[in-house]
Amino acid sequence: MHLLVCGGTGCRASASDSIAEKLKAELAANNLQDEAQVIQTGCFGFCEKGPIVKVLPDNTFYTQVKPEDAPEIVKEHIIKGRKVERLLYVDPAKKQKVEDSKHMGFYRKQMRIALRNCGFINPENIDEYIARDGYQALGKVLTELDPQQTIDIIKKSGLRGRGGGGFPTGIKWEIASKNKADQKYVVCNADEGDPGAFMDRSILEGDPHSVIEAMAICGYCIGASKGLVYIRAEYPLAIQRLRIAINQAREYGLLGNDIMGTGFNFDINLRYGAGAFVCGEETALIHSMEGLRGEPTNKPPFPAERGYMGKPTNVNNVETFANVPPIILKGADWYSSIGTEKSKGTKVFALAGKINNVGLIEVPMGITLREVIFEIGGGIKNGKKFKAVQTGGPSGGCLTEKHLDIPIDFDNLIAAGSMMGSGGMIVMDEDDCMVSVAKFYLDFTVEESCGKCSPCRIGNKRLYELLDRITKGEGTLEDLDRLRNLSHVIKDTALCGLGQTSPNPVLSTLDNFYDEYVAHVVDKKCPAGQCKSLLRYVIDPEACVGCTACARNCPVNAISGERKKPHEINPDICIKCGACYEKCKFDAIRII
Amino acid sequence: MIKVKSLADLKKMRESLQAKVDLREKGEAAENLVQIKVAMATCGIASGAKVVMDYLLEELEKRGINAVVTQTGCMGYCYAEPTIEVKLPDADAIVFGYVDKKKADEIIEKYIKNGELVDGIIPVNYESIDDK
Amino acid sequence: MSHIKLELKPEQVAKIKEICKSFNNDPGELINVLHRTQETFGYLPAEVQEVVAAELNIPVAKVYGVVTFYSFFTMLPKGKHPISICTGTACYVRGAEKVLDEFKRILNVKVGETTPDGNFSLNCLRCVGACGLAPVVLIGEKVYGRVSPDGVKDILKEYQEQQ
Amino acid sequence: METVKLTIDNKQVEVPKGTTIYKAAKKLGIDIPVLCYMELHDLGVENKPAGCRICVVEVEGRRNLAPSCSTACIEGMVVKTHTTRVINARRTVMELILSDHPKDCLTCPKSGRCELQDMAIKLGIREIPGQEYAEMSTYRKDFSPSIIRDVDKCIMCRRCETMCNEVQTVGALSAVNRGFMAVVAPAFEQDLEKSPCTYCGQCVAVCPTGALTEVDHTAKVIRAIADPNKTVLVQTAPAVRAALGEEFGLKPGTLVTGKMVAALRQIGFDYIFDTDFAADLTIMEEGTELLDRLTRFLDGDKSVKLPILTSCCPAWVNFFEHNFTDMLDVPSSAKSPQQMFGAIAKSYFAEKLGKKREELVVVSVMPCLAKKYECQRDEFKVDGNPDVDFSITTRELAHLIKEFNINFEELPDEDFDRPLGESTGAAVIFGATGGVIEAAVRTAYEIYTGKSLSKIDFTELRGMEGIRSATIDFNGLPINIGIAHGLGNARKLLEEVRSGKANFHAIEVMACPGGCIGGGGQPLHHGDSSIIKARMEAIYREDAGKPIRKSHENPYIIKLYEEFLGKPMSEKAHHLLHTHYFNKKKDVYIK
């Protein structure tokens, strides 16, 4: 038997270490150390109910275990084979105790469709993909379905674009299929530029064939024989694996002419991005593929009408494509049974920031942020307090405590002032200053703005300047009004998606953390203690013993005082380097 | 060169490939064939997955263990990279996190040789597409 | 913008021509051509752009317009060991700025600059997608994860000792 | 034609499918303010990057505001052009643009004719919030011989880029950099002088702000006039008289030849001459060269280069020196009228005056910016002394007239001085596309056939189409003539010639759309191409009214040959009136 003790950060904080010790001691005391072993594991992702102990092989799942429960677990469960009822997990919905953790709802939180093969197959071996039903979907559409029937399946499945906008994929394909032209193109947008999002990279690195197969299916539907993958040059491994995959597919005759003897021709080439976030926008992406500056153009005309080289072009992102083959094989009804009314299927998120289980997760639409952050993500690092989660990258917004129980889907996130974006989720804790976070994103947008339209080129710069002033304590209440007006005008007038969404981090922090802004401009204080200009180092005369360590280490001689008497910091000289704070052994330096 | 000339071709191919995998899993050498997958996406490689993979290949051979080591994509546990999945015959696959050479050695010696679990297991917490 | 002058040798010109030709001298392949050229030369000085423009039959102003649009392209030679600090969001919230400051302090250069000995150049980039390891630093191709300001000195030592 | 019906500001309108909201509104008499947008209808040029976002309007059911310049009307669309939301957005965007724009309006060369200034007035901008701490994007200033680039004032309307690349295919300018520092500039942000710029000035002609302006020589001209030791001659190009009036509020197409002469005399020039005289001279030389090549060709001389290309346009000369370096011996070797005038003035006329060339200052008034560069070319100097000292534009002349406190409208009509002020109708039409070749045909025909033309007007050579061709019957010999205006059209035509697809005997090329009347030094048309058309009509009106309409009949030209040059293409003529061309293609293959 094995006793698995969760060694995740959350459980450790709640004494899982000593539980393990106790269990080991108890087993030894009963001379059972050969019968059962205690193993510390990684996070179970269920920190809310931690510490967790799981008993194998019977999959018993004990929650909120305390060190003093160890004797009972050993005596009852290990020796007598009776489960400790009071520690069993209770299903909140059914109000029933769960004996076998395989039946726990928790384990259904994640569901892998787009990531179905990631971590399972060798991405550099097409045989492993084929063994897992690879290219069956392509074969099915080519031999059993006509393009419109295939489009109907995608439409019926409710699949929406995973790149940010959430446009229904089937409708997009249908439009492109109806535009007549001698040549059309299928483009895969793999220019994943949101900082903190890496799901497309993971799919291309872990399961490149799924994208190739889906592009071919799309080509068949819209009547295109050429596919292009626009991929970030910053992803060398993904490029390499995709190249290998394309070559293997060509060798097998799954790309090229007369695929599977059906007369359908399709081949794929790669185009590299070169470090421009705006190229995630489809018109900019197309210009970039044409060898031009990646500047967006006004839509309409949409790429489905006039895209790459002026021809009808269908652009989808990596994750969208990765969903296509399972939909074809398992049917539209299967797919649409997952998710919420208007957002079907699953979504891959990249969990990052101040969260324990940084990682890539795939969850059904409709899951709440709370489940994602506290259950799958294992809660906040170092036991800090959750403050906000940023979704949608630089185009998204910061969601707070009050949004934790909203079911995540395209429309709910927009209603909450953020957006799905490509699926980055950056978790922030109480130490993060929301004005600084907004400034961070604006810094990004200013750098990544293409410069074509004035609201984005100049407006975002001005937003950044305003935020910078606020973090330096130079802002005024009027500045907050200006921030808001400017943000609304930029959203209203900017040319492309980048500009139209760039003020979202400002607006959402203004909405959700207005007090924090006010603290910066009125009280000239940064509640999170992040804004250097607003910090003040002082010495607590009660705690100071006059050891002079601070004065000796101050690089600008801002500290004075007699030996063995309380010292003082001259705020006019202090450069807030924090050297005194680190040197003081008596915790006498305060940051206010 | 193999060419897939029709859907029937492809289906046949899938079956034989699956059979091959089955053979690998349940065939003659089933009692002692160990399957190991190393997550080799960017994060994994950056945290040393390649070193671990090389080590495993070398050591398993040296220690006379009949094993197949393959690379695979991201398993999603970025916080615990490098991660590897070990599947012993007649057992569920288990994912280990934070694997370095030392850990790999421990996994070989304790888990692979004796079926003893070791610290650092990552509980798999998702449903695969095949479950539904 | 300052530009390093470079006199092209005939074989260098031949190399650029060869790259352009491998893309059929197609102006639509400009970005791929520039990628390959930068791989070869390490950077894209004015003269190189002139040759690319002539070969692809497009105005050199347009080539320059493209080079200055994409942050991946540079007209300045990089250091022997190019250092890139990821300043993506995940790295930012996990303290990338402090790591960057430490690099700046130790090397005494600003972002975008190269040390006088040509050993290190310092740059920022946005998200290499290794957010699980935040904050992340790249030196050449090598990725360093979970870098703390204190660890910067040790990382640099690896390269300084190679001298 | 398929049409759509929509409502704009509560008014119904029906427009062809694909029409933009901006144009549909215009049809209703609603003038939506636009800044970056520019359409030169008669030239088929449209610049609509949808970048400035001033023209935004509210469209019912749409999440954000729509740029009216580039949003097509849809059936049933409901558009509002001046809601509070729109007005606030427009004003805020304008404040943003101005926050990154220098505020030196008082001394800006564009002041008073600046579209950005006009927009600020129209939108009632009184202050720019946060200006004190707003960073501005700044760049190095670029002074070329013809054009000043002060791109701190660039608002990224991209009009210059469109003209330079799409219309002229010169490719000197491109959008460069990204974001806040994005701007239009030559490669490597070097000076225009180091670029393939032809100085056609079309960028200057369309720039809405002071970012692109001409190099101003008026101060130098005034100083020369004030110098008692200098005799100052002025020559005026044919296209100037058809446009100068616009600067004084006169209707486009008003001819102001007499008033212009009077004004120049009041300013204090010693001799008021006419470039038209030199145009007639050009015809004598170029026409003779054409006939010479033609006769040799017909005689079977394989070395003869045909077609002959006109060479009076300096931007065109610059263009082929950069782009058609394999064809440098194809254009006529005849100098441009400006330079022929300078050469004759500083030789023949100086002799007549009994003065040394250094004592003469030749000023030209041109519709052109490339002329400023042309008169500085080394081959047009004798011991460092240029044949033409200063070239000023139509706009600069207007400035001078205003500065000299002259009431232009009230001026009497006066006549040019003799001998270099006499000209024919053939010279006047040099100002419009097709005019040079028509003038050449008038003379060449009569010389070749020995017959007098029954019909002087060759309407088949006139018009606004970019590339035109016609065959003129030279008494049984069909002469194929090609005409291109706009350098992009010239490139197309020349590429056909190079590839052997086209078979012409003579081709006229003018760099600017419409010819010199649409030159980069003319009063700004602000995107209204009907102005260029009106100027063209004026040019042909002037020709029709001239007593002599063929260059070879100009009595002073005849006299010039008798007294000084001998005959066309004589050795002296060759020395003074002909030139050669240089390969200016940048040699990128440096060792």
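In order of appearance the chains are A, B, C and D, and numbering begins at 1 in each one.
Here, a residue touches a chain if its C-beta (ideal position, glycine included) is under 8 Å from a C-beta of that chain, and two chains touch if they have at least 3 such contacts.
Every value quoted in this text rests on a predicted model; they were computed, and no experiment measured them.
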item: Chain nearest the global centroid, as defined over all protein CA atoms shown; value: C
item: Length of the line joining the C-alpha centres of subunit B and subunit D, rounded to whole Å; value: 73
item: Distance between chain centroids, defined by C-alpha means - subunit A, subunit D (Å); value: 56
item: Whole-Å separation of chain centres (CA-atom averages), subunit C against subunit D; value: 43
item: Between subunit C and subunit B, distance of the C-alpha-averaged centres to the nearest whole Å; value: 37
item: For subunit B, residues that touch 2 or more chains besides their own; value: 42-43, 45, 77-79
item: Numbers and ranges of subunit A residues touching at least 2 other chains; value: 198, 201-202, 235, 276, 293, 352, 358-359, 448, 450
item: Overlap residues in subunit D, where contacts from two or more other chains coincide; value: 175, 177-178
item: Every chain pair meeting the contact rule; value: A-B, A-C, A-D, B-C, C-D
item: Subunit A contact footprint on subunit B (complex, rising order); value: 1-7, 9-11, 13-14, 17-18, 20-21, 37, 39-43, 45, 70-80, 85, 97-98, 116-123, 125-129, 132
item: Subunit B-touching residues of subunit A, taken from the complex the two chains share; value: 2, 4, 6-7, 37, 39-45, 54, 56, 106-113, 115-125, 127-128, 130-131, 133-136, 139-140, 142-143, 198, 201-203, 205-207, 235, 237-238, 251-254, 260-261, 326, 334, 352, 356-362, 376
item: Residue numbers on subunit B that touch subunit C, as the complex places them; value: 42-43, 45-47, 77-79, 81
item: Residue ranges of subunit C touching subunit B (in the complex, touch as defined); value: 128-133, 136, 143, 145
item: Residue numbers on subunit C that touch subunit D, as the complex places them; value: 1, 3, 7-10, 13, 46-47, 49-51, 53-54, 58-65, 68-69, 71
